[in-house]
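Multiple structures are listed underneath, in structure tokens.
The following pair of complexes shares a single chain, subunit A, combined with subunit B in the former and subunit C in the latter.
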Partner chain A sequence: MPRLLLLRVLRLATLLIGVSVLAFALVHNSPIDPIQAYIGANVDITDEQLARLREQWGLDRSPIEQYLAWAREMIQGNFGTSTLYEAPVIDVMGARFGASLALMGVAWTMSGVLGYLLGVTAATHRGRLADRLISWYSYTLSATPTFWLGIVFLVVFSVWLGWFPVGLAGPQGVPAEDVTFAQRLHHFVLPSITLSAVGVANIAMHTREKMTDVLNSDYVAFARARGESDWQIFRNHGFRNSVVPAVTLQFAYFAELFGGSVLAETVFSYPGLGSTLTEAALGGDVPLLLGIVLVSAVFVFTGNLIADVVNAAIDPRIRSRA
Partner chain B sequence: MSTATDHRPRLRARRDVVVSLSTVVLLVTCVVAGHLFLDDTALRPNSALRLLPPSIGHPFGTDHLGRDLFTRVVKGLALSLGIGVLTAAISTVISAVLGICAALLGRRVDGVISWLIDLSIGIPHLIFMILLAFTVGGGIPGIVLGIAFTHWMSLALLVRADVKQIRDAEFILVARGLGRSSLFIACRHVLPLVLPQLLVGFVLMFPHVILHEAALTFLGFGFSPQTPAIGILLSEGMPHISSGMWWLAVLPGLALLLLVLGFARLGDRVRTVLDPATSNG
Partner chain C sequence: MNTPILTVSELDVSFTQYASGLRTRTLTGIAGLNIEVREGEILAVIGASGSGKTLLAQAILGILPRNADVTGEIRFRGERLTAARRRRTLGREISYIPQSVTNLDPLMPVGEQVRIGLDPKTAHQEQSRLFARYGLASEAARLYPFELSGGMLRRVLFATSVRDTVRLIIADEPTPGLHAEAVEEVLRHLRELAADGVAVLLITHDIVSAVSVAERVAVMNGGRLITVEPAAAFTGDGDGLGHPFARDLWRALPQNRFSIGGVEWH
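Moving on, here comes the complex of A and B:
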């Protein structure tokens, strides 16, 4: 087990280096000149000042030297200064990370639990009405654009029913520190429901398949012959065999969750990492863009790592193979 | 459990494929025909027709410039289809090449390719697409490259697993013994065998590709605002929903959903027919 963990962590490190090289190379080759984006409409700048800025930012060196210098700063925790917010990238991200984490955490938990329960229900009622409804729901939701679902929720719950506000983490025009917890929660409901509703589909379908396999197995047939009730069969055989793949799947779902949160946050103007990423990319804010890309990669790789480790910890076959 | 003589599930699965294939063909035909024959005058701004709700003359209503929303949606779906075919094709080719290489060219190549797969799975797709659109500068090249580079992994893994199974088969060993190159073996012996897998992969990729294009465009990294892409229609409709103009934001998405659903169904059913292991339902 420690050996497996070490191997996985090493792999994670090489993957992170891979992402950082890739992200840096892509941004480096973009048509946006970081200096131009930085000075913006300020035309009073002289050529001499431009050259000095260029030197200061290390733009006169070779790409490899630039990457190494940048990576060294990154490792020391210096993500540079956001040109849009005129503040250190680490502060800009720090202020939004919590909001995103809350959103994704709630959506992740809700979609996991609800998806698993729906999957089990569908499998135990296979072919009947409940199964059809759940399958239909999962099928439709996996073909639904996340951002469009958010828009539909806005139309129905905010515009028609007037239950929820039309976006932002707090009421408009109120300073952030004056927003009460209740108001915050009020603005939090729709984005988290959108994200959860989309996440349910995947896990419900997989649990349905897994559970059906278990229920069709010889050992369940034998258990039934021994006289175990449906509930006993679920508790003794079904649950253990179907919850592990569900948990693994849910951890491996981090990448899509992050992508979904970019869309949900943009639709609901929720001030998290996702909507800031969109802003940074549209506004040519290179340091902020790179920072968020790296944070998201760490987030997703960690999810995949946990999925692997959970799998290995529970399933002895995988453990002995490593 | 079906007996050896019971062909009913198989036949039903085949009938399902025919049904969803006809649905998809019908949908695609309608979209293409609409794209070719719908009257372009409906797309000219007309201030007398601004923000009309759906009616017989304008089934989807009109937008903030008085353009017919139905015509715009049909043009947008045609655009989605075009991008979808192009991108899914590129992605399928990438999966085939990397999957076959990983299985045929030995451990080291396999290691590099599986590292690449892990890497590509690790970066959230949408974020990689945004990054790529940022580099390429948006527009069609950004969309196509970004989406093609983020959708090949699962199919490549399937192809790799398939090829690994036949790698040591006699006919391949014989071909090797006769001194055939790996390239020859890949094209002549392996490719025909994984072709059905690639076809299913292509169809299954299609819905994801279309959805991602719409999302990317909606966020402002895809098509330019002058293009009637579904993502553009939705982001244009967003500011009007708070004043009750629901059709602007709801109907284009619904049309896209139906198209995507059609392809997703078709892909699933074709997979069921080709892979007997999943056809126990």
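Moving on, here comes the complex of A and C:
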């Protein structure tokens, strides 16, 4: 076990180094000039001031030097300073992380539970109307980009029906601390439904396949022959045997969830980590961008790790192989 | 002899299949089968693969695939075995010992699988007793099927089927893949159960063990019951056997004449 743990930590470390180098290289080679993005349309700045700013941000040095300087700070636990917000990256992320976590948490739970239940329903009604509806829904949704679904929801529910606000996490013009919980919730509904709706499809289809296998298995036939009722069969055999792919997907889905939240938050102007990532990329805010990238990498890695642990807990055959 | 426990009359099992496009065709699994198993008796059903013997077990237990059509009558202790009656009797009065160890749930400890259907208050005690009876270590109860050997899993399957209230046991091929000693052990367990008054329907393609354990042997071929012969007639050259197909089958065994048989019974 300690060896396994060490291996995991080592894997995480190499992953983070790889991801940060890649992200850095991508931003460095992007056509966006951080200085230009920072000063925007301000034309009063002299060339001298520009040069000083360039030097202050370390942009006059070679890319390798820049990266190493960032990495040195990073190892000491200092994420650096956001150029866009002129505040420590850690503070900027901290303020956004909560909003994103709530969004992703709700979407994750809803898509997991709903997806599993729909998958089981489809499998137990295979070939019948319920199955066809669920399959149709799932195939359609898995072919739908998150941002597009978000726009459709906005058009239908916010513009046409006027049920939900068009964006943001609270009413416009109201200071964040004055926004009530009900208002927050009101703004929260559409982005979270958008994010959940897409996640449901995957889990539902995989659960449907696995549950069909389980229902056609010898051990379920034997359970029937032993007089177990449908509910007993589900409780005794169906659940444990069918939940493994759902759990694996659900935790591996952390990656897509994060990607989806970037799109959903951007569409809904929802001030979470995802929309901040887009901002950081467009504004050439390298420290903030790298910070969010690293946090998301840890997030996804943790998801996969949990999936492994939970799988081993459910299926003893996996445990003995590890 | 004793009272009949299971009576099957005029049983037909057929399957509807899609042939090409929307055209369907009907495949016959079992046709016009009549059979009776009495209290304390072991009736062996023998036949080649595809002769319909496993379908017979599935029809009695109501676990045929969904595209199967069943007609005819199955009576258990004098009453028709309907879906409602199956719910009350399966696992209590009717037990099934399946062919393959894949019938055990791979994600459930074997002890727990034996305890299914037992009174929760006494289940642990009863399971320990059954484990002891079938020579399984009590620690094995916590193990999963993949951690036990094939022979041990067979014994677990036996333990799942033994209940105080059982009147009929259907054992589907409980012996293939086992070495001679283990086969003898399985047959001994079946004999013990029959001695307790249980009616046993033993489905097998192993003529020798069928003959050694059963009172009567039913021979199936192509979904039809060819004949039911007393087990004692399967001896020597099989001259005591009433039906030529049974004689051919017996004489075809390597230890007998090893003959390919005739076609006189067609």
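By definition in this document, the second predicted complex is superposed on the first by the 270 of 322 C-alpha atoms of A that agree within 3 Å, B and C clash if a C-alpha of one lies under 4 Å from a C-alpha of the other, contacts with A are read in each partner's own complex, and residues count from 1 in each chain.
What we mean here is this: a contact is a pair of C-beta atoms (placed from the backbone, for glycine too) under 8 Å apart; a residue touches a chain by one contact, two chains touch by 3 or more.
As the structure is a prediction and not an experimental result, all values here were calculated from the model.
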Partner chain(s) touched by A:Ser229 [first = subunit B, second = subunit C, both, neither]: second
Touched partner set for A:Ile314, first subunit B, second subunit C, both or neither: second
Subunit B versus subunit C as contact partner of A:Asp218, first or second or both or neither: second
Subunit A residues touched by each partner, larger count belonging to subunit B or subunit C: B
First, second, both or neither for A:Thr266, with subunit B first and subunit C second: first
Touching partner for A:Ala99 - first (subunit B), second (subunit C), both, neither: neither
First, second, both or neither for A:Val300, with subunit B first and subunit C second: first
Contacts of A:Val198 with subunit B and subunit C, given as first, second, both or neither: neither
Footprint of subunit A on subunit C - complex, ascending: 61-63, 86-92, 95-96, 98, 100, 102-108, 116-117, 144, 146-147, 160
Sites on subunit A touched by subunit B in the complex: 11, 14-15, 18-19, 22-23, 26-27, 29-32, 139-140, 142-148, 151-152, 154-155, 158-160, 166, 216, 255-256, 258-259, 262-263, 266-267, 277-278, 281-282, 289, 292-293, 296-297, 300-301, 304
Residues of subunit A touching subunit C in the complex: 217-219, 221-229, 232, 236-237, 240-241, 314-317, 320
Parts of subunit B lying in touch with subunit A, wherever the complex brings them together: 115, 118-119, 121-127, 130-135, 137, 207, 211, 214-215, 218-221, 234, 237-238, 241-242, 244, 246, 249-250, 253, 256-257, 260-261, 264-265, 280
